[in-house]
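Paired with chain B in one complex and with chain C in the other, chain A is shared by the two complexes that follow.
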Partner chain A sequence: MNAARAPFALFLAFLAGAPFLLPEFYVTLMNFIGLATLVTLGLVLLTGVAGLMSFGQQVFVGLGAYTTAVLATKYGVSPWLTLGAGLAVTALAALALGLITVRLSGHYLPLSTLAWGIALYYLFGNLQLLGKHDGIQDIPAVSLLGWKVDTGRESYVLIWIAALAALVAARNLLDSRPGRAVRALRFRATMAESFGVDTARLKLVIFIYAALLAALSGWLYAHFLRFVSPGAFNVNIGIEYLFMAVVGGASHVWGAVVGASLLTLLKEWLKDLLPKFFDQSGNYEVIVFGLLMLPLLHRARDGLMPVFARLIPRDERAAAPAPAAPLARRAPPAAGVLLLEVTGLRKNFGGLAAVRELSFEMRGGEILGLIGPNGAGKSTVFNLVTGVLPADAGDVRFRGERIAGLRSRQIARRGIARTFQHVNLVGTMSALDNVAIGAHLRGAVGTGRAMLRLGRAEERRLLAEAARQLERVGLGAHLVEPAASLALGQQRLVEIARALAADPVLLLLDEPAAGLRLQEKSALADLLRRLRAEGTSILLVEHDMEFVMGLVDRLVVMDFGEKIAEGLPQAIQANPQVIEAYLGGVE
Partner chain B sequence: MSASLAVEHLSVSYGKIEALHRASLGVAEGAIVTVIGPNGAGKTTLLGAIIGLLGSSGVLRYGGTDLRGTTVEERVALGMCLVPERRELFAELSVADNLRLGAFHRRRDGARAILASMEEVFVRFPRLKERARQLAGTLSGGERQMLALGRALMAKPRLLLLDEPSLGLAPRVVREIFHIIADLKRTGVSMLLVEQNARAALQLADYGYVLETGEIVLEGAAAELAKNPRVVETYLGLSVAARLAT
Partner chain C sequence: MSTDIFLWLAQDGVTNGAIYALLALALLLVFTVTRVIFVPQGEFITFAALSLAMLESGRVPGTIYILALGGLAAAAIEIFVALRERAWRRLPRIALLYVALPLAIAAAVWWAAPRRLDQWVLVLLVLAMVVPLGPILYRIAFQPLASASVLVLFIVSMAVHYVLSGLSLVFFGGEGLRASAFSDAKFKLGVVDITAQSVWVVAASLVLIGALWYLFERTIYGKALRATAMNRVGARLVGIPTVLTGHLSFLLAAFIGACSGILISPITTLYYDTGFLIGLKGFVGAILGGMASYPLAAAGALAVGLLESFSSFWASAFKESIVFTLIIPVLVWQSLRSRHVEEDEE
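This part shows the complex of A and B:
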């Protein structure tokens, strides 16, 4: 057997054997672990991967549990129908909460989740329909094709099938086109938008998905315990779920199992142990959790799963992507056709005019150099053209269409791709996955299909395209390395490969040669010339004058946000104003 | 105390990958030594290991002190200072506060000595004085590099480890930065310089090493290295060879 799969197989074998071998008490514990795994898994995706922290998942567990409890006890609806109803109620609630709160940034989001966590807890506890603080009893058992899921051992089967399915679906999701976009949400949202990802929508989708996992857990909980009360859904529980995600490893799918197991077992053990030390009863385990958290965050900041993962040999088969049919390409505009028109562009940052009344145009198959001193506004021009920043005045037209005012993902769709001056890669993701984000708009597989591992043919084509672009920039030997482990100059080349993977008509390169050595620079210059010959137009910001002068067709020179010169390289090099502002005198 | 650095058989690994393999080099007191090599050769790793940010095996000595087991803070206190590739400024702090942080380990010297150091930095970089109250995040690329250098100087270093000081800078500013480096040498500061502009680096340096895939493959007096056909072809370009020939 493959060594990398061994721990997984072992885990499955344990799960399969547990209900036959373990005493009732431990089977019940395993059930609680499975229930917590579902909720924690949602948090892993939401908090660990997408970077949205929530203290409120217990509310969705509660919605799933109460919906089925009310419908099944008061109206006698079949539990399978109430599952659908619970998921629907939760999805609507998550949509409403998500629309309001997901766009909040920084600590406002976690604070707002705390707020609705508290609000809904009191709602559960005060509604007559939900049995107030007494809760609802005598919830019927689930039955499936005549099999009544009655005992803890039988619930175990249902709970762990659900948990395993959710774990596999989450793995599938992260290892796919939408998954790469999700992994970029946390730190690289601007970049993701620049390659066509609708980050706001994607955040909402992940938020709702995490809520649905919680609701599923709630439904299972209600039919396993046959009883619900508000106490199971208070804010403490929400904090515990987050705890599990952090302890397990918030960015690892299997971290959800590790965290849920560890904390559930620990809590149970402490409940037995602590009363022996304290006279009065109370939630002392919280204090112990807190104390344990300190060394953990000190020693294993990313949770325990990465520590375990290091012990498991890496699956080498994942190395190079399989060959696949190339993706369809855009038809480039004819050489010499007007491509980009910038007129009267202006941008102020407070009192500082970063770009003033800038006008220039670019034609098909042209390399235009944009040069000027540091701080002259060149990168701002990039951000204005690509829609990362809104312009204060002026117009940008691309192939005759006005693109000023469009969002960056809409501009990306029209065939403009860029690199970033400050490397904008997802450091923990492989070079290959980073570049595949560039080809986001050339695929169509969404979150649902990705979870079911459908659309693998498209995925192979996207990865093959990413590999091809990495080979093109000379990084064919570094496909699977995490982007952060590459040297800075190589990371810049990954940026270029990512932009190329978008199959752009217009390529905006921000200091592509910075940090490269002579040979690497000449290889890059050759690549850019080939691209030009293929019909791609390139707007180039670069300080290496040898590189620029030997490559560009024309130059635009900026200083203090204004165009101070424009023309052929030779004329620019002799222009006294440019020498004074930028090139400096000859020594 | 001498400010010479001796590195012998230094190796650094990231997991299973060895980024630096038994590299040996030295920086004599008051000298500028440059390390050139392609991307991913291990140059930044070398500087990181010397200052103690990365664990390493091998011998590291500075001015007669064995650096094994010393922390980054202790190495800075000994007079070593790294100017990192990404500058690593505190964007939300003012220029003056960034400079003050450079003198963090000198807090026993007293406010007056630190203020005097700051004045020295301002004499060297008048631009920083103009922008002393501005947030570091609002500086242009050239000013950032000046601030990174200035912050290092606040530590009163005897050995500067410079990682790509000209990265991303306009031609004029590149020249300015190299002037400053040459000027610093005159004050007796030793320097280990990693620089993409191999031509300028070899002009400035006394001695040079070529680092490729984690190993030192070539070394020699900078003027000699600049004539080496392999170095010329890979790092300098033929135009320079032609210029040297005439």
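This part shows the complex of A and C:
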């Protein structure tokens, strides 16, 4: 057996044996761990991976639990139908809440989750239909093909099948086309948008998915305990779920199991132990939890899962991808055809005019150099053309179509790809996965199929394409290394490979040669010439004049946001205005 | 609804709203200066209100243990850092600020509690117990993470809230307490009775808001706070120590929290966890103000107070649900305004 799979196999063996070997009390405890794992897993995806923080997951657990409780006790609906109803109710609630909060900046989401946590808690406790503060009793057991799940040991089976399925689905998701985009959400949303990812929609999908996991946990809870009351869904429970994710390690799927297990066991143990020391009654475990969180957040913000992960040998399957049929390519425009027209472009940052009345055009199969002193506005031009920033005035047309005002993901779809001046990679992801984000728009597998591990043929083709582009830029030996471990020059090459993986008609390179050594520079220049020969047009911002002059067909020179010259390299080198801009004029 | 009920509800709403407004200002101050979403603000209210009520009945409030423990914990951290940096000269100051001062306050309260002193003395004692908790909390929990992201600081906030609410239950128990009113007088204004307590609350809030304004506009410390809020790096570059502004903002937050607790304790029966909800209502007010503008935050908090008061008349059981749902329409409005892609720091 593969050594990397041994811990997983051990875990499965333990789960399979537990209901036969453990006494009732511990089986019940395992059930609570399984229920908490489901909710925490949602939070790991939401908070640790996608960067959205919620203290309100208990609300969704409550929605799932109360929906089934009401329908099953008051209307005698079968629990399997109420599962669907609970998920539907939760999905609608999460959609409504998500639509208005996931687009807002970081702290609004957790604050609003606190607020709706309180609002819903008091609603649960005051609605006649939900039994007010007494809750709802005598919820029927689930039965499946004549098997009645009415003991703790039987519930165990149901709970852990659900938890395992959710864990595997989450792992599958992260190891897929949409998963790569999700992993870019937290720190690299602008980059993801530039390669066609609809980040707002993806955040919403993850938010709803986390809510559905919580609702599933609520449904299982209701039919395991056969009783629901608002106390199980108060604000503190929501905070504990988040603590579980933090303790386990919010960026690891298995961190959900670690965190849920540790805190559930600790809580039980403290409830037993602490009253022996203190005569007064009190929520002592709350104090201990809080005190434990502080050093953890001060010293080990990534939680405990990385500690466990170090004990597990690296998975060797993650080597170079298998060869696969190449992806379909876009037809390049004929050489010399008008490709990009920029007219009267303007952008102000407060009182600073970064770009002023800039106009230029590019033709098919051309390398155009955009040069100028630092602060001339070159990178701003890139951001305006690719839709990262909205222009204040002016027009940008690509192949005759107006693209000014479009969002960057819509512009990416039309065949424009870029690199970033400041390296914009997902540091924890392999070079291969980073480059595969570039090919995002060339695949179609969505979150649902990815969780079921469908569409692996497409995935192989995307990874093969990413590997091909990495080999092209000379990084064939570094496919599986985390991007953050590469040298800066290599990271810039990964940026270029990622842009190439998008199969662009127009490639925008922002200082690609910075940090490269001499041989790497000439290899890069060769690569850009080959691309030009294949019909790709390139807009190049670069400070290395030797590199630029030997490569470009034409140059546009900017200074203080304005175009001061345009023409062939030799003419530009002799242009007195350009010399003045670079070297300073004679007073 | 008759006019006098309307006016009575309005008075109630304005009174509570004034307290929420104070809290909203404190929360906004802490957030803009330190980027901490300071959820434990509510615990200052609880501590102050319950301490006052306990002192009035001649009992020693558990706040002194929290103060002493907190002081010792902060001293331990400071001493550890000082020893590691071999800065011996810092030790006397640490001993004075974090050990001697809290213990002296605790001793004074211990001595004073059974003597049933005048209410004014008790108020001062409460302030002396609660206000130092602000800087102590900052030192223990937040200063080591001053450069962490807003979300990490938020989790720390929640952890601190957890500890304090647990301690609150241990030291104050589950029973509700209420302090006696500063004055039982009532004025007749038209058709409605105005209680002196309401006048007290509103007047004290206005005075505090005025004092804050003076602090920000006219003093060097206030300007340092504003500078840090606008640009942390820039403030550091011109020589404003962000550790100092952090301590200062937490000191002010604790002071405002304690004042709110003292003002609210004769109006409402408070339990060990009531402050949390009151503090969050301050947050709702601050969110209504977009988490950026002080006047808007105060206006938002006043709106929260009025909404709460009127919804307690029509749908008393759903009062909390209604107040906390209020932020949803505000967030809708804000989400319609924002269009940019969020970029978090790594």
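Odds and ends about this structure:
In this section, the second predicted complex is superposed on the first by the 579 of 587 C-alpha atoms of A that agree within 3 Å, B and C clash if a C-alpha of one lies under 4 Å from a C-alpha of the other, contacts with A are read in each partner's own complex, and residues count from 1 in each chain.
Heads up, the rule we're going with is that a contact is a pair of C-beta atoms (placed from the backbone, for glycine too) under 8 Å apart; a residue touches a chain by one contact, two chains touch by 3 or more.
Values in this document were obtained by computation on a predicted structure and should not be read as measured data.
Contact with chain C, but none with chain B, is seen for A:N126 once the two complexes are overlaid on the shared chain.
Applying the stated contact rule after C-alpha superposition, one finds that A:P569 touches neither chain B nor chain C.
Shared-chain residue A:L516: touches chain B; no touch with chain C. Contacts of A:A189 after superposition: chain C is touched, whereas chain B is not reached.
Look at A:P306: by the touch rule set out above, it reaches neither chain B nor chain C.
The wider contact with chain A, measured as residues touched, comes from C rather than the other of chain B and chain C. Contact with chain C, but none with chain B, is seen for A:S112 once the two complexes are overlaid on the shared chain. Look at A:F55: by the touch rule set out above, it reaches chain C but stays clear of chain B. Residues 372-375, 421, 485-490, 511, 514-520, 543, 545-546, 582-584, 587 of chain A are the ones touching chain B in the complex.
Contacts from chain C toward chain A in the complex involve residues 37, 39, 140-141, 144-145, 148-152, 154-156, 158-167, 169-170, 173, 277, 280, 283-284, 287, 291, 317-325, 327-328, 331-332, 334-335, 338, 341-346.
If you check the complex, the residues on chain A that touch chain C are 47, 51, 53, 55, 97, 99-101, 103-108, 110-112, 114-116, 118-120, 122-123, 126, 186-187, 189-190, 193, 199-200, 236, 239, 242-243, 246, 278, 280, 282-287, 289-291, 293-294, 297-298, 301, 427.
Note for the complex: chain B touches chain A at residues 14, 17, 36-41, 44, 85-86, 139-143, 164, 167-175, 196, 198, 234-237.
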